[in-house]
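Look at the two complexes coming up: subunit A is in both, with subunit B in one and subunit C in the other.
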Partner chain A sequence: MSRYVIGRIGQAGLVLWAAFTVSFILLQALPGDAILIKFLNPELGLGPEQIADIRASYGADNPLLVQYVHTVANFLTGNFGYSTHAGVPVGDLILANLPPTLWLSTLGFLLSLILAVMLAALSALSPFSWLRSCIQSIPALFISTPVFWLGILLIQIFSFQLRLIPIINPGPWQALILPVVTLAVPISAPLAQILMRNIDHVLTEPFVAVARAKGASHRWVLWKHVAKNAVLPTLTIGGILFGELLAGAVVTEAVFGLNGLGGLTQRSVNDQDIAVLQAIVVFSAAAFVLINLTVDLLYPVFDPRLRVRQGAVA
Partner chain B sequence: MMQGKNVFITHLFRKRAGLAALLGATLLAGANGWGAAQAAGPDDKQKPARGGALVYLEQQAHTNLYPPAGGFYPNGGILNQITDKLTYQNPNTLEIEPWIAESWAVNADATEYTFKIRKGVTFSDGTPLDAAAVAKNYDTFGRGNKELKLPISEVINNYDRSEIIDPQTVKFYFKKPSPGFLQGTSVIGSGLVSLKTLALPYEALGDATKIIGSGPFVVASETLGRELTLKVRPDYNWSPAKLEHQGRAYLDEIKYIVTPEDSVRIGALLAGQADVIRQIQAYDEKQVEDEGYLIYAPSTRGVNNSVVFRPDNPLVADVRVRRALLHATNTDEIVSTLFSANYPKASSIIAKTALGYVDLSAKLSYDIEKARALLDETGWKFGANGRRQKDGQTLELSAYESLPQPQNKETLQLVAQQWEKIGVKLNVLTADSGSAVMNNLDPAKAPVSPAMVGRADPDVIKSQYYPTNRNVLLQKGGNSDKVQAFVDEKLNALLDQLASEPDRTKRLTVAGEVQNYVVDQAYAIPIFEEPQAFAAAPYVKGVSFEAVGRPSFYSTWLAPRR
Partner chain C sequence: MTTAITIKSTSTDVSNLPVLEISNLAVGYRGNEGFQRVVHEVSLLVRPGEVVALVGESGSGKTTTAQAVIGLLAENGRLEAGAVRLNGTDIAGWSQKRLDAIRGSKISLIPQDPTSSLNPVKTIGAQVAEVLQIHRQGSRAEIDARVIDLLTRVGLSQPVLRAKQYPHELSGGMRQRVLIAIAVALRPALIIADEPTSALDATVQKRILDLIDELRHEYGTAVLLVTHDLGVAADRANHLVVLKEGRVQEQGPTAEVLASPRSDYTRKLLADAPSLGKTRSVSRSISPRIHGRDDAIVVENLVQDFTIGGRRDVFRAVDGVSFTVQRGTTHAIVGESGSGKTTTVRSIVGFQKPTSGRIRVDGIDVMSLHGDTLRRFRKTIQLVYQNPFASLDPRQTIFQIVEEPLLNFDCPPREERARKVQAILDRVGLPQSALTRRPHGLSGGQRQRVAIARALVLDPQVLVLDEAVSALDVTVQAQILALLDELQQALGLTYLFISHDLAVVRQISDTVSVLHNGRQVDSGFVEDVFLRPESAYTRELIGAIPGQRKPTGTDITRSMGAER
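Up next is the complex of A and B:
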């Protein structure tokens, strides 16, 4: 294994450790903790001695450093601990919440891309300027639509009034239709806006004038010359939005009663369920690090210059 | 229209032909309580149909299902179907009747209880529910298990040990008289579970499939935080002996689906996608009833939904200040503005349907003149800003909203408006549950707090006020280390007596004394008797509720939909 690869893997490990440690410190700094919140709650009606016993059995009052070493050791052996609030292993909670989040955000993102491209195409191809400005104001409408309201509206119309899609006990695909639409509408707005603006911008570039001068039709110019150039910045924004989607579908999840990482994170913050939060932070950091690591490791494969330099150093 | 009765069932089939029959059924249900709600509805003569799946929409996911944690409504709604209890508290009469225990004997000072266990009862893992299993359950609930981190049960006081007399007889010993124990064996928190379940650590008991009971239903599968499926136990044959219904439950399956959004739960019910929903706010009741659906609002029969004071805070240390605020609170206005007939106005610190209730309406009157006079007497004078001031201090109090209580924020805000009239400011605060729990333990930050708890035994008053239990008044020596000095020895002595007086009549007298004392000291301002509100489709028959309003689906069946 070359030094480059080892260096990259070492860096990735360092990032993970830093994410873990920083989140550990921040979570410990919160007032109160999950054990207090869980056991002081009137639902159990426990006395102070019993709570002290419970705290001792959880090791909650051990010195921070001891707890830290303990947690690191557990994470390294794949033991993420138990959720104090839900009373199940943290691993099970993540497994129950990650797949629905991936499905919802991936499909929601794809649909928002389709919506954005459709809006941009309609606006670029529309023969009348009043129609164009109408279409161009749609993204503003989309982004100002509250997700909460949209979700409930869609449920009211399609599930309760028209009775097309059941919201309780739907099939696996039926279950995704309305939430995906709910999620896609506001996300499509910034994408469509950037796409439209870029198309307008690229249309004023000299090379478009040249293409037109050569006798190309409006459609041809749009498709062959403008689209390619206008799509790149949209993808950059899309990447950022997708990252946000993964954790940001909290409202949609709540309205449709879906499992998801967003909702799990929100509830865990609320209950200060530190084991769960710690695992979520480490998982997200790991995903991020892995993607970057893969990209970094693939660079030399695609870029001969990096290979040469590596060879020269080694 | 039926105020004063313990049950409110409202039908909107008023224009239908069966009006007379229906009214009869409604009155019957009203007179007899929730056990009789099985007979409510126009089709009470129909023979129950077997089969079908009930879809039940729950507002929140369940948490830990260790039976003593069954007080949380979503937990109780599940545990009540999958576990049986030693005894059965008849929800109509509140009498304790045989269930898993065929019979029992209690010694004169309530320190020894002997139970004869019914033969042939098994847990769903096939192991027997015999004296040994019962002993192990109560040893765990009564003493906790430090190794497995299992906390002790709130309803079992002064527990010492168990003794297995023979395979079907078990005896429990108590360190001090424990007259509330018999009722304690009937509550959801005393649900009997298999030894396999009791061998698991506390942290693993949030997985419903690990909870092995002997009840009429068994957990078949679960998607954490989202869905839970119960299947009928075909060989179930040990329902409470005095119930008319014996043998297996009528339903084949119950599907619990977590649906947090109120409007989605109600919409799904009305659109025929769900059969029963839990938690419906008073302002939504009419919409549901107008569609011909039923509202069930069984009382939780415990300590009323109240506002309590923390006298450790000097602002509310003077009983005259607390009394002034009590008389400045217009509970009629709160109940009529925010709630419905299903939320009766409180007339003591416990519900009318609770054991040991005494009517204290005379002491709880709304009297703003008296309130003003009391405050004037204490030296709190109106300052420039319309607020009461003394020694440069303003009479400004804070309370944290309690999320599980119905419309609690709105209730507190209305109380704040009412107190404003006598120049007292109440800040209603919202916080994430973590900060709210911590701040609510500090009398300086939360001199006022909302409070309620349900249990059909006078022990519930002790649970609520005793320093080493829920300690709502925040006395010193309890769960809060922020308290400076406040202790009320007289109250605690009364509560001790309440929890240990073996003579039933004397015990109820003590219960009355405690209620009078708490109101005389104006420690609490009771507001309304809190129900658990459910809505169900008209074809769902035989929905019943145990003594504190948790649903039981054992006798529930589905009539053909119209």
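Up next is the complex of A and C:
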């Protein structure tokens, strides 16, 4: 068991390193850089020699390999460098922008889970097949709803028409309600689809017929036999979706004017603030890897078939 | 068609009220064009303590009939007419809710496939306890004690440990015992056993059927046994009901039906069923003198190890298997699951490198092959798999399927390919109109013909038939076996026939190797091995073949063999 865990952690480390390296190469390959954008401004009146000096002070004229080794060493010691644009440590910048994104994505994910489970349960319990096919088509509707459109629609209805949620100076919780809903609706769709498909599939399994033959009612079978078997395969996709959420809900943050990681990413791209982008990429990759690692390690807890067999073999 | 629905009273000492009485049952499934009826006017009686076998081929409606009795038809199924009387009460029109009260307690089910019939994420104990909980049989502690009692009763070793284990930790036979424990837990009046042993090895099948018999006597439970295997039905049932296309062909006491079948269909079924009474219709003399000179396959001391878990644990799947197959003859490899027969074949075909030993096929040293020489070798030896539903690509047309091997090898011009494909299709007895169809438009037997055509299109010397007729109905099985025989004579093919079915093996092969736990426990000419088995295991295997018991005073083996 411990060997499996160590192996998985090793793989996670490898993924992180690969993400770092690829993003480093891509970011360096971009034409121009943040220093040029900031200091080539004619109003500053800096000569070419002065700019070269500034570049040297940032270490921007070192060979690429030296820069790479430097950056790796710095990242390993927790030093993510300075934002060229804002002039503050990148670590501080990310920490400041993290809480809104963390809240948004966690709550959004939880709400999408609740939505997905509700839809799946409704479809499984519906007594008529026409009703079931109606419910089963809802996720397709959800997934094809553009986020920016849904966000604006929700603001229109709840803030401007019904005036339930103030748009100017909302409380910290009030500010989260609409973005969380906006985020949850499209995320819930794939979860609900997979859940419904799994439930339908598990219902055709012979062990369900055996349970019915024991005298178990439809509800009993759904709750005691189908639920766990149907949820297991959704863990993986759930982890991936949550990782994507953390990595930045750029559009949602933009629509609702939240200062999260998404907003930070967008500004950094505009400014070509490579140090910030590099840190964001590594942070997102780390979040992704960590969530998936957790999911992988959780699987044996839920599924006895994945536990390491003890005792003699067959 | 004459439908005989006369039900004779088999004996006088049975109580007057039948446990189950089905009269004029009709069941339909909703399809694209409304409801299509698949069971027509089926009537039968099951008396207390009696075993009634519903016999038929796939599509005969036997499982549908059984499902209708217990109210578990598929969602698009509908009971359209007729009555299902359980102890005199008609339950045909009952709601699921009402049926829940009698399912598990008055009427229960032993399912077909033990591997998928237990919930993989619940413990064995919990699944046995469930039937007691649903019908509120006592407190938690009482139920727990009862579960251990039941697991002990069905013959599981270490019942306390088993109760805590999960299904994947038990073998197929053990799982079927658990399912039997669930079925008998509340001593129901009727058990529906839907192909209860079809997925099990022969020796395990015998033990499971014995257990069902034993519990039936002990509890006085009646059994409706659904089976495709006439041998099993002959051994275990008091009464036979033969179904074809949803209609009862004939029914009566087992001995009567077997001894003097009234319907043509039953006669055909009996004739096609493989049995120990049958040997190769054309017996070819294998002369020992040319032994060694004209051998198509020579296997010497084959050993195959697999590492499991860590690098230190080595599992020996095949341990010193040796045999030779003379050109133009059939050699069978017989064994139960885990015997190493599939591993042996994979080595012979060159799918894996053996740990040690020597394999020569058509004079080629298989172990020295690699890369392109290995690919070329596939022209010499071809495979036909068990499942004709899974071994054909559903998106290809039959022409594409049969043509594909030609493209992979010499790739002759288009007209020649078409000519070859058409010729081989003729050879395997398929109409040319099949060329443009796709696999789903063909029956199981036709698909297996396509698989054989695909294997033969390269003119191989050796054909490996891996359980190639095991998934087919007996009448279709008989046709495919006849086709294989004819092809062998016409083309001089050598067959390596892998099977768990000894009756079929005796019918088709000249020589045989019996494998058990990776070792070859018996080998030689089929007649010698069958009549004078050397190992205890082979004797047990032969003894486990259904259709040999004489519960009704009739020797089914002889009566089945006499049909030829």
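Operating definition for what follows: the second predicted complex is superposed on the first by the 206 of 314 C-alpha atoms of A that agree within 3 Å, B and C clash if a C-alpha of one lies under 4 Å from a C-alpha of the other, contacts with A are read in each partner's own complex, and residues count from 1 in each chain.
Methods note: a residue touches a chain if its C-beta (ideal position, glycine included) is under 8 Å from a C-beta of that chain, and two chains touch if they have at least 3 such contacts.
Please read these numbers as outputs of a predicted model, since none were measured by experiment.
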Is A:Gln11 touching anything from subunit B or subunit C once the two structures are fitted on A? First, second, both or neither. neither
Return first, second, both or neither, reflecting whether A:Pro206 touches subunit B, subunit C, both chains, or no partner chain. second
Identify the partner contact of A:Arg163: answer first if only subunit B is touched, second if only subunit C is, both if each is, neither if none is. first
On subunit A, which partner's contacts cover more residues, subunit B's or subunit C's? B
Mind working out whether A:Thr145 is in touch with subunit B, subunit C, both or neither, as first, second, both or neither? neither
Looking at the overlay, does A:Ser284 come into contact with subunit B only (first), subunit C only (second), both, or neither? neither
For A:Thr106, select first, second, both or neither according to whether it touches subunit B, subunit C, the two together, or no partner. neither
Just subunit B (first), just subunit C (second), both, or neither: which does A:Asn74 touch? neither
Looking at A:Ser126, would you say it contacts subunit B, subunit C, both, or neither? Reply first, second, both or neither. neither
Considering only the contact definition stated at the top, list the common interface residues of subunit A for subunit B and subunit C. none
Complex interface listing, subunit B residues touching subunit A: 55, 57, 61, 63-66, 68-69, 71-72, 144, 146-147, 149, 151-152, 154, 202-207, 223-226, 255, 257-261, 263-264, 267-268, 270-271, 273-274, 432-435, 437-438, 441, 451, 453, 463, 468-470, 477-479
For a test of understanding, state which residues of subunit A touch subunit B in their complex under the given definition. 30-34, 36-51, 53-54, 57-58, 82-89, 92-93, 96-97, 152, 155-156, 159-160, 163, 166-169, 254-259, 264, 269-272
In their shared complex, at which residues does subunit A touch subunit C? 129, 205-207, 209-218, 220, 224-225, 228-229, 232, 302-305, 309, 313-314
In the complex with subunit A, residue positions of subunit C that touch it: 70, 72, 75, 96-97, 100-105, 108-109, 111-113, 116-122, 130-131, 134-135, 166, 168-169, 171, 179, 182-183, 308-309, 313, 315, 338
